[in-house]
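Below you'll find the structures, each written out as structure tokens.
Consider the two complexes below, in which subunit A is the common component and subunit B and subunit C are the respective partners.
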Partner chain A sequence: MTPDMTLTQTLVIALLQAIAVILLIFIIVPLTIFAERKVLGFLQQRLGATRVAGGHVGITGFMNKRMWGMGKLPFLSYWRGIPMLVADVLKLFIKEDIVPTKADKWVFLFSPALSMIAAITVFAAVSFYPGALFHFPKAFPLIGGLPFNGVLADVNAGLLLILGIASVGVYGIVLGGWASNSKYPLLGGLRSAAQIVSYEVPLTLSLLAPVVLAGTLNFNDLTRRLATELPIWAVLPMIVGFLIYLTCGFAECNRVPFDMPEAETELVAGFHTEYAGIRFALFYLAEYINMMVAAAIASAFFLGGPFLAPFGLHKFLVGVPFLGAPNALFMVAKVIFVLFVFIWVRGTIPRYRYDQIMAVGWKYLIPLTLVNLLAAAAIRFAC
Partner chain B sequence: MFKHHEMEINMGPQHPSTHGVLRLKLTLDGENITSCRPVIGYLHRGVEKICENKTFHQGQVWTDRMDYCSAVANNLGWAEATEKLLGITVPRRARYIRTMLNEYNRIASHLLWLATHALDIGAMTVFLYAFREREAILDLFELFCGSRLTTTALRIGGLRDDLPPGFEKKAYAFIETFNACVDEYETLLTENRIWKKRTVGVAKIGAEACLAMGVTGPVLRAAGVAHDIRKAFPYAAYDEMEFEVPTRTEADTYARYEVRLEEMRQSAHIIRQCLDKMPEGPVMAKIPKVLKSEVNEVYHATEAPKGEIGYYLVSEKGGTNPYRFHVRAPGFVNLQALPQMVQGALIADVIAAIGTLDVVLGEIDR
Partner chain C sequence: MKNFLKTLIPIDIAKGLALTGKRFGQVFFTANRRKVRLHNTEEYPERPVQVAPRFRGRLQMLKDEAGEVKCVVCMACQKVCPTGVITIEGGKKEGRKTKLPVRYDFEMERCIFCEFCVESCGFDAIILNHQFELAVYDREDLSIGMDGAQNMFVPSPVAKFSVADEE
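Up next is the complex of A and B:
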């Protein structure tokens, strides 16, 4: 709340921003899922989703026919699988919501929501653009002329907020696995508890290096200082930090090669084995939203966010027209790139074993991040 | 307040990576396996008993359905065992074509193994790469005999038909590119650190234990024993072929992976020799309408992709169907090694062990 706004105005704008963020999530997440199918298809020499199953009747049948007509054009034919997203969501909504008889009912019902809430709330502190994206026209009642910022909650300890809320999400997984009262979900839940708690440490430590270099926790200030005010030597800890952060990001989002909690071929479906319908969908969505958060943080802190050049090299570009100015499109492009890396890695490498994941985290990543942090501190001290 | 508690968990018969309907009763201490007991029989159809009530020609169709991933190898064993029993000599051209088809089948079976094994360990792209080449082999089978999986490609006494026009060209085209394809799988796996971490030293079973349990095939060869029935007791046209038996001494999952990849290359080499040296002549021996056995009993072993597949046929002189039929299925014998392989290992290693044994439940349960 800036001093020139009343409380009502602040709340109305915050509400509008919240709606915008949620809409953004629910547009981007399905597109990520579609992209995952298509990119994996590309990596594996197949087409990916090209149609909706379900013949020529009903909603999906209608979509199929329309998309098939469009598909005669060469470019559009690639997008014929798009209705699949609608069909997926429909299916998950319509399916019966089964609760196992011996499950701990309330915990079982609540834990997907917990995962989802944690995942969405994190977005409040993620900034896509420093400052106002646009101003409401003067003609608007109540909020006319006020700015619509690129971040919902511009708090001073933004990074701390993100890390804190993100770590609540693991409760959803652990409790979901435990409440199912079944053996495979239990193993999945335990694995995930151990894994996420272990990887939280190097993840946070790898983010501390940029924080030390920039000297602030505010998301916007961090992004700006990291992009434009770093000494040239800071490139090294930034690159190392980026690689470590990305690795931990895979682990935090339960993605290959660290998809232990699910480990499809070992634990059937891990912690969500007993979940069906929309509750399963909540877990699924939460995973993808977490991926987006990880991608957003990686691009904001290490790749320069809305500033074009990555790893703090942007200061050489300041003053250049268009490329030198911050632009939300740069941020979006970087997020998309990091998401692509997530999918790319999934298509390329196998899965670690549980004990090996722990070894990687504790024996290699944590010492490496500590050294990196020291290097960052030394650079900060020297320059 | 806290007490040590072991958990018994049921892996299968419906589980994404037990390759069909294998069921394992695992006792877990945390994530470590303290005991593993395979439970089989979910796919039992009584193939042996059924074949005893069929004529020799009819029985052959059932052998396809045992190890459905390597139908030709099963057919070949049955056909040769029956030919021994009936005293039939197969024309040379038929033996060459049989050898070639058998090797194609070996590649197809190994590709399926590679695909599912890699998928189990989490490398999903290898699956589709391997299936790309397997598809080409299945197309060749389709061209030859009309079916793709359960082919019944061979007949007792030779082959039903000669190679169709255009077959040789396509067969050559496949082996021209196949070695490059194996290289491509290797780029994804061989030097991959995670793949090595998951396979090196995992599910070890040494040569002595293998021999004690009768384990054969790539599992035995990866333990350093160069036992291959194609070399030891040549059948079909293998005595005229030049090939190597790849072995490793590490006896772990990675060694088996290397052995199988090398076997695929050797198979391609054998196919090339078959095509190059293909003799002319008939493909079917003169056999009577009703087959009657000449001797009382016969055991014939061949090298299937999974190991030694043996057909034991008992019949009376002049009988038109086997009196007793028994299959020494390699998968069944190899599966015995599983509890020893996974003792003290982690759950993820069980998956790797099942994959590396290359079990097909159709053959184990018969």
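Up next is the complex of A and C:
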């Protein structure tokens, strides 16, 4: 809250920003789910979803019949699978919500919400643009002329806030697995707890390298300093840190090379076996929102965020007309690229065994991050 | 040490990502072009499917150039059939040296499409054609003889698949 704003104005702007963030989430998440179908298909030389239904009833059914009659593919449900965008989410919301009789009811009902809350709240501290995205026109009654910032909560310890809240998400999984009162969810939840707690360590340590290089925890300052003020040698720890962060990000989001909590082959569906309908949807969406968070942090800390050049190489671009200035579009493009990498890796690498996951986490990633941190500290000290 | 470095530097993962990335690019840019096809799946009901040459579909009898049935009633196929779905009765005809089938019943209900009958045939008189849309509404339609609308010499009528076909 800047001194020239009243509390009401601050709250109204914060509310608008929160709505904007949630809209962004609910635009990008269905797109990611759809992209997962299509991109995974293309990676495996398939076409992915090409249709939703050839229904007989309703408006779509009528149009389908007409278009079949004209000898054409019905575009409403067949147009390259685009309707899948809506159908995927709609299906989750209209299914019956079942609570097992022997389940611990309140914990069972609460844990998907916990997972979702933890996933969404993190976005409060993620910055898409340093400074104001735009100013409200003077004509607005209460908030005319005030800035609409690229970050919701510009706190000094932004990274700490993000890591703290993101680690709450594991409670949703563990409690959901335990409250289901069934063996597969319980095993899934336990595995998830072990895996996420193990990978939290290298994840945080790999994020420490940019923090040491930049010397701040504030999200905006950190992005700017990383992009423009790093010595050239800092590229090395940044690239290594990026790869390690990405690996740990897959593990934190329970994505395929490390999808132990779900483990379709041995644990049915892991922690959400007993969930159906909207509660399953909350878990499902939380997973994708977590992916977005991981992608946003990766792009802000390692790929330069709103500054174009990745790995702290932006200082060579400063002064170039369009490319040199920070731009929220660059950030969004990078987030989308990292989301694509998530799907790309899922389509390429087979799952690790459970002990292999633990071995990779403890024996390789943690020592590697420590060495990386040491290198970053040396560069910071020398330059 | 070599193992350690191999684990530390993920060259294999990079190779795999390069391969799938190449495939993604190829399919992504040619998915909507009919002439260039780099994907392996078919959009089945709308586009006809080309099956492999050795695909085993429905049993079908062949005729030679003069329109004569090639079968000589050697009973090899009936004997070799593991499920006993083929029943043959032989007859005679003026001007033909060999025997001639007067009845060749094929009950597709129990056929397991093993192609033993075709392999045992010394006269290339039967084949398994490339037809796979064999579902019917009436069980009687699965018993195929030498005469009738649905007989051993022509492929079975194709099942309906879409709303357009019903009208």
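The rule is simple: the second predicted complex is superposed on the first by the 358 of 383 C-alpha atoms of A that agree within 3 Å, B and C clash if a C-alpha of one lies under 4 Å from a C-alpha of the other, contacts with A are read in each partner's own complex, and residues count from 1 in each chain.
Here, a contact is a pair of C-beta atoms (placed from the backbone, for glycine too) under 8 Å apart; a residue touches a chain by one contact, two chains touch by 3 or more.
Keep in mind it's a predicted model, so treat the numbers as computed, not measured.
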item	value
Which superposed partner A:256 touches (first subunit B, second subunit C, both, neither)	first
Which of subunit B and subunit C A:27 touches, first, second, both or neither	neither
Touching partner for A:349 - first (subunit B), second (subunit C), both, neither	both
First (subunit B), second (subunit C), both or neither touched by A:364	second
Which superposed partner A:268 touches (first subunit B, second subunit C, both, neither)	first
Touched partner set for A:46, first subunit B, second subunit C, both or neither	both
Overlap of subunit C and subunit B interfaces on subunit A (superposed complexes)	43-46, 347-349
Residue ranges of subunit A in contact with subunit C within the complex	39, 41-47, 50, 54, 56, 61, 64-65, 68-69, 71, 73, 80, 243, 344-345, 347-349, 360, 364, 368
For the subunit B and subunit A complex, residues of the former touching the latter	7, 9-10, 15-17, 31, 118-125, 127-129, 132, 188-189, 192, 194-195, 197-198, 346-349, 351
Subunit C to subunit A touching residues, read off their complex	7-8, 10, 13, 16-17, 19-21, 23-24, 27-28, 31-32, 38-41, 43, 46, 162-164, 167
Subunit A to subunit B touching residues, read off their complex	40, 43-46, 183-184, 187, 191, 256-257, 259, 263-268, 346-356
